[in-house]
Each structure stands twice: as structure tokens, then as C-alpha cells.
Amino acid sequence: MNLLTVTNQTWTITLLGWVIVFAALLFLVGVFLLVPKVFTWSAKRRLKTKGKTQVTDDQLAISGETNAAIATALHLYFSEMHDEESAVITIKEVRRRYSPWNSKLYGMNNSSYYKLRS
Amino acid sequence: MNLLTVTNQTWTITLLGWVIVFAALLFLVGVFLLVPKVFTWSAKRRLKTKGKTQVTDDQLAISGETNAAIATALHLYFSEMHDEESAVITIKEVRRRYSPWNSKLYGMNNSSYYKLRS
Amino acid sequence: MNLLTVTNQTWTITLLGWVIVFAALLFLVGVFLLVPKVFTWSAKRRLKTKGKTQVTDDQLAISGETNAAIATALHLYFSEMHDEESAVITIKEVRRRYSPWNSKLYGMNNSSYYKLRS
Amino acid sequence: MKKFMTFYFVLAILFCLQIVFGTDISAAVDSASGAEGGVMHGLVALWDFTGFANVTLGNMAMIAVGLFFIFLAVKYDYEPLLLIPIGVGILIGNIPFLPGYKIGVYEEGSVMNYLYFGVKQGIYPPLIFLGIGAMTDFSSLISNPKLMILGAAAQVGIFATFLGASALGFSPEEAGAIGIIGGADGPTAIFLSSKLAPQLMGAIAIAAYSYMALVPVIQPPIMRLLIPKKERAIKMKPPRAVSKTEKILFPLIGLLLTCFISPSALPLLGMLFFGNLLKESGVTERLADTARNSMINIVTILLGLTVGASTQADVFLTLASIKIFGLGALSFMVATAGGLLFARFLNVFLKKDNKINPLIGAAGVSAVPDSARVVQNEGLKTDPNNHLLMHAMAPNVSGVIGSAVAAGIMLSFLL
Amino acid sequence: MKKFMTFYFVLAILFCLQIVFGTDISAAVDSASGAEGGVMHGLVALWDFTGFANVTLGNMAMIAVGLFFIFLAVKYDYEPLLLIPIGVGILIGNIPFLPGYKIGVYEEGSVMNYLYFGVKQGIYPPLIFLGIGAMTDFSSLISNPKLMILGAAAQVGIFATFLGASALGFSPEEAGAIGIIGGADGPTAIFLSSKLAPQLMGAIAIAAYSYMALVPVIQPPIMRLLIPKKERAIKMKPPRAVSKTEKILFPLIGLLLTCFISPSALPLLGMLFFGNLLKESGVTERLADTARNSMINIVTILLGLTVGASTQADVFLTLASIKIFGLGALSFMVATAGGLLFARFLNVFLKKDNKINPLIGAAGVSAVPDSARVVQNEGLKTDPNNHLLMHAMAPNVSGVIGSAVAAGIMLSFLL
Amino acid sequence: MKKFMTFYFVLAILFCLQIVFGTDISAAVDSASGAEGGVMHGLVALWDFTGFANVTLGNMAMIAVGLFFIFLAVKYDYEPLLLIPIGVGILIGNIPFLPGYKIGVYEEGSVMNYLYFGVKQGIYPPLIFLGIGAMTDFSSLISNPKLMILGAAAQVGIFATFLGASALGFSPEEAGAIGIIGGADGPTAIFLSSKLAPQLMGAIAIAAYSYMALVPVIQPPIMRLLIPKKERAIKMKPPRAVSKTEKILFPLIGLLLTCFISPSALPLLGMLFFGNLLKESGVTERLADTARNSMINIVTILLGLTVGASTQADVFLTLASIKIFGLGALSFMVATAGGLLFARFLNVFLKKDNKINPLIGAAGVSAVPDSARVVQNEGLKTDPNNHLLMHAMAPNVSGVIGSAVAAGIMLSFLL
């Protein structure tokens, strides 16, 4: 393996490619750094026109603590397990099996239901 | 826009087309005016052979009041809102997210379930 | 209908075909007669190495009685009927009807849910 | 932060220059850099490839339209299940690209083109109809069959638009496809236009869906104009109950009758009634459930997305499209008026206590169940105790059948 | 009301005249109206286009068959998930139309034709098998493997029918496709006939499904004839419990073994065992659930509908179809007898307390789980405490494997 | 029992002889039986057709690989939703068959070939992305946008591998396709390789998925090597809450921005953001639900199966495949290192209390959510109270966007 054998074009693609991936995501970063500022700014304006003169950023920001709580809950959720879900799957399994391709059993379900209704 | 420039054929399609749409639906109207009569007639016959001599239409028709009640319920249903459904969706959301394409998380769900069973 | 007119090739396919179907399933039979023996054997070995000297087949086999109970339950299940399921279907029916193709009704459901959350 | 904003600002200026003055950045750079080669050439090649280099005012306009559709759906909840896929489709279709790289919906071999196949060949609409059949309850129509005629009356919109489009110089096939906008039924419009005038399909579909979303805006004034207040207050008797047998017979008879009269409507009506039989038979709930949920959802996603993408600016932004939008608005109004007036006309023949409320004629345009809801609301405005929803559902669903029959007739005459 | 009836009456007479005497209404009108042109000509053109003008006695007969299928499904609950789609398909396929308008299932470019593609190329059956695999529990078979042989024995029906069909003058390919009816397995029949004898596919599929629906009628007499009452009362030991590992190994070993022996069965058996692995692995419940619900439902809808539609009278109503129906009935009987007799034969080699109840041999024809239920019922008639369902499931599911292997062998020999 | 074992033993020996010495059993039998004809010839013909006659060592090796994949999935729960379909696909693709009978995935007209169409034309990956979009929550990324850059940094793996593959003598197109393995994103790898180097698609896909399953093995040593313990203990502030409006704006802005920059990524990124809009808009829950359940499941089943089957030994077992596996391992390491080092580099510019934990850089390779979990675990090892999962999700999902953009750029340059 000799990188000297690699053509000019390959080097171009390599460098340029990575740069552009960066550029694309930097763009997104920029926009989403801007967006909340715009929101805050317009919210402030609205509040001001409604008569409030003193607005601090704290009033607008939602505490990250809630987030942290959710994150923990999610983590616990994903590492522990849902017994209810297992139960549901088990019941469904018993219920839904057997081929619809030649299924009197299925048919019976449906027909009983039908007889109950009619 | 000058309707005089429209060809003969166009006028034919226009008039004939509408007439035939009418005809098609009139056919259906006719049939479904007949169907309940046929039903009533055969039901009467059956009742008569069973010994009942006096049969009035009232005995056969189902009151429309039930219908009205259902209609109202449906209307209320569609204009009010189901909190339960929202709840269900919310729970499902939390449960089902994350890509099956590279999902240890999913896997964990499944495997725990699997371990519980085996 | 004269079986004499049937060519040699046809007879070959007929006989050979059936034989091979047998062979294929016999293979499977053989393997699945072996599999539990292998399991029992390896389980015995493991138990022995753990110090148990006396191992009977009974300790390893799971009673078929459980199976029989399940079978009966399944049979009852399929011949009786699930009122709950019918109920579920009925409710779902009321809920899910009406075209998503031009459905303000659906929309309303969704939007209320959305408004409740935001 | 500051730095970011400055950077964007410079970029934006460069970008506007290119659009407004047609300056070709890549050419400029190219000649400037000359023989420097390598990275600079690569950059230029790549710039030529980006959307920034190929964007046109048309693309920008269409992207704005797409965003507007999404805005309507999210903010005002106008037909979100349609407008969001279509809106995103418009964005995807109008992101500028160099042709030849299998990106666009019209380029053979592209992913979008494969998904578009179901639109182009008219496969998606029948599948949609299958799902609609599996979720529609035809009881109100069975219990009071004569209301079905209103669904025929409102189809005058289709034929009037056909006439108008012919007068505006469209070919008969094109006029037929444009006319179907008056049917107020998306899948039918796509199905017919894919057969008669594929080149207009995008415009016709967008027009149909736009006006369907605007039904609550278009119909009320016409209703108030054409129906005197006294008639708007007419109360109708609650419909009779419908037996299970009738419900099962309906799709079977409907299928045979309508398709014998208009065999070309078979793909649409056959599927509609098939879906309804799956629902009403009581023994195939499992299939009906899939038809009205995962199946219709999958098709809705693909259809909406690709119909939206088919509005690529270079194909879509033509004089014909503008005419189609004008004719579409007209056809919705004519259809509404047709339904309303025919309902009044029908009342002439009906006995005093059996008269229908002419408002429900407006529901004949189909646009299920929007127009039925509009009727309900107008009815409530006149008399807060007069619930017309149930009655309006009859012309509403028969409007679907009516426009599918009309589509079949158009095909018979024009294909 | 009266008026309506009179009107219909006149129409009906005109219509019957046309069918019975072959009067060509359109020609009559045409010559009569002469040069009047315009609307009259349009009307005639349209009349020519309607189903009324093109209907044949064959169409009417097939429509009656379709309605009968639907009636059976709704009223007697015979295989509704199959008979309703197929029944509606027969209606749709036999609504008469002028060719050339892309309506019929056999016309290239029509919607039905696109949906039919999955049948014609044998794509739907493997997807059905995937779903079946994901819903089938092979435990009973794993716990008592020797019962599997009964599933092989019953496949004698396939080969006997192959012989019979050859003797009746069908080509080897056609005979092979007809033979598979004896496999009592719908998807396998469609798969094989699509490859070997596409022109007979409709008749073969309809025959297979009809007789599968009639299993509760066909099998019991044969069972009573061939199995003495004493043997019918044999009680079998409850099957042993099966470990999770065995359940996971089964699809893997089954896949490798059967497909090594009969590689042409790969599309069917590969998918069947794949689906079963999705179910039994315990870690892909999500995929198994989709395979056995939305996926199989979608395919069932499309397959049933298009197979039904492929019975267009002009293609379907031939002498060959009648022969196929005769051979089909025969093959079901031979298959049942084969399973039963082999079960008795097997008992010769089994120890006293290990004997099998020969009735379960009848379940070897597959037709899951109908024939297993028939066995259960017959068993209960002899001894109300003898539950054979669980035992009968073993030959039942192995019958599916057996007929897929047989299909593979037919392909190897005849393709 | 004994008899069975003896029988198998003899068969096994015969079979081994054939493989090892290349003895042609059928030829032997053929010459031996000579003119005996009939059944013997039939048997020979059939033997030639079986897998036993056509098996190669390559097939056996690949079947072992397939079984190993399934074992990993079932036993260790490594990516079961991918490894089980792929594993079964490998089995199905390597069951030996005679060509010409429409069995193999590469034979035109076979069922597997039809299902493979979605892979070959790159249709499945965008549909997978639609489902992923509909299940991904981008909040963590919106709340702390600068972490997004880490997702760009890790894409160095792609370009380094591109360079390496070129140096190893692959053509530019092939090198591009191989490079994408470093993106650690299955659908993207399949999409790109199907366009640039279809002949290498199987190897690339298998390599990508194998290493993705091995992320918990590959990444930790590199993390410990490159990040000093002190930095591993950095605690990050909980991310701010994100408003619904921002969540709706994200897919729209993301779609427009990334696709303007890299239009070739449109099929992937367009679908990803479309799915996300369906989820976040709040008014199309119905469609989002189908997209992230039945739709993605169906596509996952078909894609996994056919990608697995595309590893037919005669196509797959080449020197190129081995090189690809080597390069793939390298690219995962380089990508991880790239993400980690860039995170440290970023910290230079950040204020004391705002520093990021460099470990989360490793999540930039995508492989959602595996690598994020690896980060979480490594974080917990250093400080049991430091939960990094939420923070790691940001580079994790931006890694998906990054590699799709990179794929688009590769297409622009090389197609």
C-alpha cells in the first residue's frame, strides 16, 4: 500500500469531501444556534409590548432539570424491563397464531363475533 | 373563452356523461328502494306461515330513534376528545422509538423478555 | 383414461418424487430423534461434572401433563369466544373510520391531541 | 455568534447576486483560478453540483409553496395527512440538482421515480380506494337511497369544467383530466389524469387537494346565496336502521351495477366496494383492518410524497397550471351549486313531511367528510338543534361513487 | 315504485334478448339512427362500451360462482379470508369490458395486471409462507418427530394426480401443476402452477381453494371407511415439552436439510423457516409480528383478488378446467386415504402403548388447520374424551413441508 | 436409533469424499448403471439437482458464517433485527443449486431476484431512513447544536478508507463505496454501494453490519487510549428543553440545507427528515406510526434477507472481500479516533464550565444507538454518576446525517 500511487483526484475528493461534510453540519449548527435567539428575541418583544418592562432570560428558558429527570427515567426504562409488554406479547401470540390461509380457527373467531352481533 | 369553439363531440360527452352518472346512481337508488321492500315482504310471509295473521310494518321497522342517538354520540365523539387515546399514543411513543437498524436498546427489550421466558 | 399411455418418464417422476418427499421428511425425523438425545447426553455430562452421580431421565424430561393442560386450554379457547376481542374491535371500528383522504375528523383528533400537549 | 452572522450575510449576498443577475459563480471562479487545478477545480465542480448553483426562482417559489402547505397542515390542521406528504414532496422535488445523477422524480432509475411508478400507472389510487372502502359506513346512504342522486347532481362540476377547459383550448383528453378536479376526490383525479394527461397530473392533483382543503372556505357563501333561510331550517327524519344483510348486499350490488355501466371505473369502484365488503362481511375483519390502516398509510405516504415531487418547477410552472387552478376553483363552485340546486329541485316532488334540507346537496361534491361537516355547521348556524351530519354523509359518499363513474365515462370516451 | 319496476322490467327484457338471441342492440340503433349523429352516436358508442353490451353467458356464470363463494364465506364461514377476496376477484374479472382500455387482469398496463404480477412471477406465495412460518408452532412436530412421516405419506395425492393428469392427456408440465392440488396448499399450488403452467393457474388455484374449503365434507367419510372403530379410539400419550433451543434449531435444520434435498423449494421453504425463526428466536418479535399481520394480510388481499380475477370467463371456462376440478377432487381423496393407510401401516411397527391413532393420518394433507380439526371432531365422535388436535397438528404442518418439497421436485424434473 | 446413525454416517462419508476429492458421484453412478435407464437415470438427474451434488467448500464456509450470525443474534443479542435476516439470507444464498432454474438471487426472474430489486436499485435504504426519521428524537441535538460537529468529525473514517482503498488498487468508484463502511450506517452503505460498485455491495454491507455489531468491542480500547482519565470524568450540563416549534423546524431546515449542499443525498436525507416531520408535526401520527412499524419492518425483512443472500460463495469469496473487511475494521477505528480527538480539540475553544466530555466524540460514528451506549458505559466506569447517554445521542444522530451527506458527495464526484 503506497499512498504515493494515489492520484491527485483521490486526494481532492478526500480533503474536499470531509471539508464539505463539516461545512454542511456547521451550517446546521449555525442555524440552530440562531433559532432560539430569534425565538427569545421575538418572545421578549411580545412581552414588552404587553407591558412587562423587565424581562430576564431566566423567565424564558425552560429548566434543563426536567430534561435530566426524563433522561434518567429513559435510561432506567431501557435497562429495566416491562413485564406488561411481555404479557401483552404472550397473549397476542396465543391469539393470533394459525394460518389465515386455511384457518377455520380464525374463521371461528370472526364468525362468533359476527353471530354475537347479528 | 368562447363556448362556440367547442366541438360537437365535447358537447356530447358533457351532456351524455352527466346523464349517465345520473343513470348509474338512479339504478342504485332503485335497487335500494326495492331491497327493503323485498325483505319486508319475505319477512311478512315467514311470520304469516308461523301463524301470525296480523302484521304491521311497525313490527318490522327498527326505530330511527336509535340511529339518532348514535349519530349524536358520534358527533360528540368526533368533536370532543379522547384522552385515553392520547395517553396510549404517548406511551407507545416512548416505547417504540429508536432505530431497529442498530438498536441495542430494542435488542435489550427483546432479550430481557427472552431471558424472562427461558 | 389409460395409464398405459403414460410415458416412462411420468412413472419415474411419480415414484421417485414420492420417495424423495419421504426421504426428505425421514431425514428430518431422524435429526429430531437425535437432537433431544444429544441434549440429554450433554446435560447428563454437565450434571455429572457438577458432582451428581445418579442421574435419571426423569429429572431431565419435562412432564407432558403441562402440555395436555395447554392443549385443552387452547381447544377451549378456540371453540369458546372472546368477548373482549369483539369489544376491542367494535371500539376500534368507531374510532378509526372515515377517510384519511379528506378527513377533518381525523385531523381534529390529532390536533386536539396536539393542543393538549403543547 | 457575530462571526456566524457575518459569514451567512456574505454568503447570502453572493447567492442573491447569482439568482438575480445570473452571475455564474463557478465560471467566474473557474476563469480566475485558471490552471491552479486540483482542489480549486474540485470545489468548482462540487459547487456546480450543489443546489445553490442550480437554483431557479421557480424552485424558490415552489419551495415556498411547499412550506406553506406544511404550515397550513400544522397550524390550521387542514388535511394534514395529505398536505404534509405533498408539502415535503414539493420541497424534495424542487431542491435543484444537476440532471443525470438519478435524483429527480422524472429521471429514470431514481428512487423517487420508482416510487412515482405507482402514481404514473395509476396503481396507488385503487389501493387508496380499497382502504377508504374498508373504513366507510354506507348505512346513511342505504337507509335513504334517494339522497344518493345528490351525489350525481354535484358531478355537474366535472362536466362543466370539461367544457370550460375545452373552450380554453385544452385537448379533449386534457380537458377530461382537468374536469375531474370538480369531482373533489384526490385519488380519482390522480387516476384519471395519469391515464389521460400525465403531463398535467401534478397540477391537477395539487389543485384538487388545495381546493379540497379549502372546502370550508369555498362552500358556505354559495350555500347561503342559493338556499333561502327557511329551507335551510328544514328538519329531516332520522334515517331508519339498516340491517346487516343490506350492508353486505350494498357493495356487491354497487360493484356489479356501477361497473357494468362504466367498466373503466373498475379499478376504483371495484376496490372501493371490495374494501367495503371486507369491512361489512364480518368475517374478514383482519383484512379490513390492514386495508384501512397500514396499507392505506403506506400508500398515502408514497403517493403524497411523489405527487408533491412531481411539481418540479421546470415542469410545473406553466401557463397551463395557472389555467388549471382557475378552472379548478370554478369547478368546485359549480359542483356545489349543482348539488344545492338539485336538492331544491328534488323537494318539488317530495311530500311536505318528507322534504330534504337542500343544504345537504352541497355534500354531493364528495370531499369526504369535509363537505358533510360544512353542511352540519351551516345547519347548526340556522338552527342549533338541526343535526344534518348523518344525512349529509349519504350524498357525500355517493359523490365518491359518482365521480368515479364519471371518471370511467371520461376514460371510455377519451382513451 | 311501480314506475321503477316497469322500467327495470323493460330493460331486463331487452338485455335478455341480447344475450339469448345475440341481437346486437348497438348495431340496430346505429342503423336506425343513421345520420342523426351527435348524442345518439355517443350513446351508442357508450353502450358498446358498457358491460351490458359485452356480457356473455360465461361471464354471468362466473359472476354467479363469485357470489356463491362470497355467500359460502359469509353464511357458513368457509375460509372467509380466502373466499371473499377470491369471490370479489371473480366478480371483477368477469365484469365485461371492451379490450384495449387497460382494465382486465390480462391486459398489460392495467392496474389489475400490475397487482397480478406477484402471482404470475410467484412472488406472493413465498411472502405468504413467511407469514405462515411466523405464526406456526412446530412444537407438536418436534416433540414427536415420527408423526412427520404422515405428512409425507399424504403427498401420494400429488403424484397420483400427476399420473392421472398425464393419462388424461395433459403435458408433463401441466400434469405436474395439476398434481399439486393434492398438496392441499394454496400458495404452493399457485407458486408451482405459475412456473409450470401459467395458463392453468386460475383453474388450479380455484380448485385447490374450493376443495380446501370442503375438507370438512370430503374427509370424514373416507376416515370412517378406512379406519375401524377400534383404532379410531386409540388414545395417544401427551407430547413431551419442547425446549426453546429445539424450537430455534428446528427452522435452521429444516431449512438446510429440505432445501439441500430440493433446492427448487427454496423460495417456499426458505421463507417458511425464516418466518418461523423470526418467531422462535425471541429477539425479533417485532419483525415476526409484522410478517404474520400486516404483511401477510396485504399479500392475501392482493393474491386473492387477482387469482379470482384471473378466472375471466373466456380464459377460464374450458374443458381443461372441468378436468382439473375432477382431478382435484380425486387427489384430495387419494391424499386422505394415503395418510390414513400409512398411519395404520406405521402402527404395525410400533409398540402396544406407543401406537398412533390412524385418524391423524388424514391431517397429513396439510390444509392447516382444517384437517386437524376434522380429525379432532372425528376422534371426539368415537370417544368424547379423546382430544387429537394437538397430535394432528404434527402431520398437518409437516404436510405443508411435504407438499413444498414435492413442488420443488416437480420443478426440478419439469422446468 | 442405531440404524439411523449408521445410515447418516455412511451418507456423511460419501458426501465428504465428494467435496474433498471432487469425486463426481453422479458421473460414477451414471457410467455404472449404463443403459439401465428409467428410475436410475431419474435418480441421477435428481441427485445432480440436489444441493449435495453442487455444494462447494465456499458454500459450507458461508453457511457456517450465516449460522454464526444467527448464533450471535440469539445468544448475545447483537443486533438481532439485522443479523437474523442477514444470517438466514446467507443460508438461503448458499444452498447450492443448479443455475437456470430461477432460484438464486442473481438469476433474473427468481423470487429472490425480484425482492433483491429494492436493494439493487437503492430503494429500500430510503424507506428505512423514513422509518428511522419517524422514530428518532432530535431534541438532544437541537438543544446543543455544537455537538453536531462531532458527527462531522467522525466521518474522517469514510475519507481515510477511501484513500486506503484507492491505495490498495480499487477503482475510485469502488473505493468510494468501500469508504462508506466508515460511516457505520447500514442503509447508507447499501445505498451508495448499489450506485457506485454493485459488485461489491454484498461484502460492503456485511462488513458494515458486522462491525456495527462489534462496536462495543472496537470502541472502548480506543476511547481509553486517546482520552485521559481526567477528561473522561467531565460532567456536562443537562441540555435545555426544546420547544415543539423547534422540533418541527428542524427537519424542514435540515432537509433544505443538507440537500442544497449535497443533492445526491436527497433520497436518504429527504426521507429521514420527512419521517421526522411526520413524527414531530403532531398531526400525522397515523402515518408516522406506520412508517416506523409495519413499513420499516417489512423493508428490514426484505433487505436483510436479500443482502444476506447476495453473499453467494462464488460471488462473495474473493480477495476483494477480504481487503474490504480489513479496510472496514480500519475505518471504524479511524472514525472513532477522529470523533474523540476532535472533541478534545473542541474543548480548547470552550469555556471552563462549558467543556464537553470527549468520550461523546466516539458516538459521532453513528451506529445509533450502540455507540451512544458504549459512551454511556465508559462514562459510568469512570464516574458512576456521570450519565452521558443523552449528550452522546447528539453526535450519534448527527453522524447519520453526516455520513448521508458524505455519501451524497461521493456520488457527486464519482457517479
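Residue numbering begins at 1 within each chain, and the chains themselves are lettered A, B, C, D, E and F in the order written.
Assume a residue touches a chain if its C-beta (ideal position, glycine included) is under 8 Å from a C-beta of that chain, and two chains touch if they have at least 3 such contacts.
Quick caveat, the model's predicted, so the values are computed rather than measured.
Student: Can you tell me which pair among B-E, C-E or B-D shares over half of its residue-numbered contact pairs with C-F?
Tutor: The C-F interface is reproduced by B-E.
Student: Name the chain pair with more contacting C-beta pairs, choosing from B-E and B-D.
Tutor: B-D
Student: Please work out the Cα centroid separation of subunit A and subunit E, and write it as a whole number of Å.
Tutor: Once rounded, the distance between the two centres reads 44 Å.
Student: Report the inter-centroid distance (CA atoms only) between subunit D and subunit F in whole Å.
Tutor: Measuring from centre to centre gives 39 Å for this pair.
Student: Nearest whole angstrom, what separates the Cα centre of subunit A from the Cα centre of subunit F?
Tutor: Measuring from centre to centre gives 21 Å for this pair.
Student: From the C-alpha centre of subunit A to that of subunit C, how far is it in Å?
Tutor: The answer is 34 Å.
Student: Can you list every residue of subunit F that touches 2 or more other chains, as numbers and ranges?
Tutor: Touching at least two other chains: 42, 46, 77, 80-81, 261-262, 282-286, 289, 293-294, 297, 300, 409, 413.
Student: If I count partner chains per residue in subunit B, which residues reach a count of at least 2?
Tutor: Residues 9, 11, 13, 15-16, 20, 33, 74, 89, 100, 105-108, 110-111, 113-114, 117.
Student: Per the contact definition, I'd like the list of subunit F residues that touch subunit E in the complex.
Tutor: Residues 42, 45-46, 49-52, 55, 63, 67, 70, 73-74, 77, 80-81, 84-85, 88, 91-92, 95-98, 101-103, 109-112, 114-115, 293-294, 297-298, 300-301, 305 of subunit F touch subunit E in their complex.
Student: Quick one: in the complex, what on subunit E touches subunit C?
Tutor: Residue list for subunit E touching subunit C: 141-143, 145-146, 148-149, 151-153, 155-156, 158-160, 162-164, 166-168, 172, 175-176, 237-241, 243, 245-246, 249-250, 253-254, 257-258, 261-262, 376, 387, 389-390, 398, 401-402, 405-406, 409-410, 413-414.
Student: List the residues on subunit E that touch subunit B in their complex, please.
Tutor: Going by the criterion above, the answer is residues 1, 4-5, 7-8, 37-39, 41-43, 46, 244, 282-286.
Student: Provide the residue numbers of subunit A that touch subunit D in the complex, in ascending order.
Tutor: Where subunit A meets subunit D, its residues are 8-9, 11-13, 15-16, 20, 30, 33-34, 37, 100, 106-107, 110-111, 113-114, 117-118.
Student: Any idea which subunit C residues touch subunit E in the complex?
Tutor: So the residues of subunit C in touch with subunit E come to 1-3, 5-7, 9-11, 13-18, 20-29, 31-33, 35-36, 39, 61-68, 71-72, 74-75.
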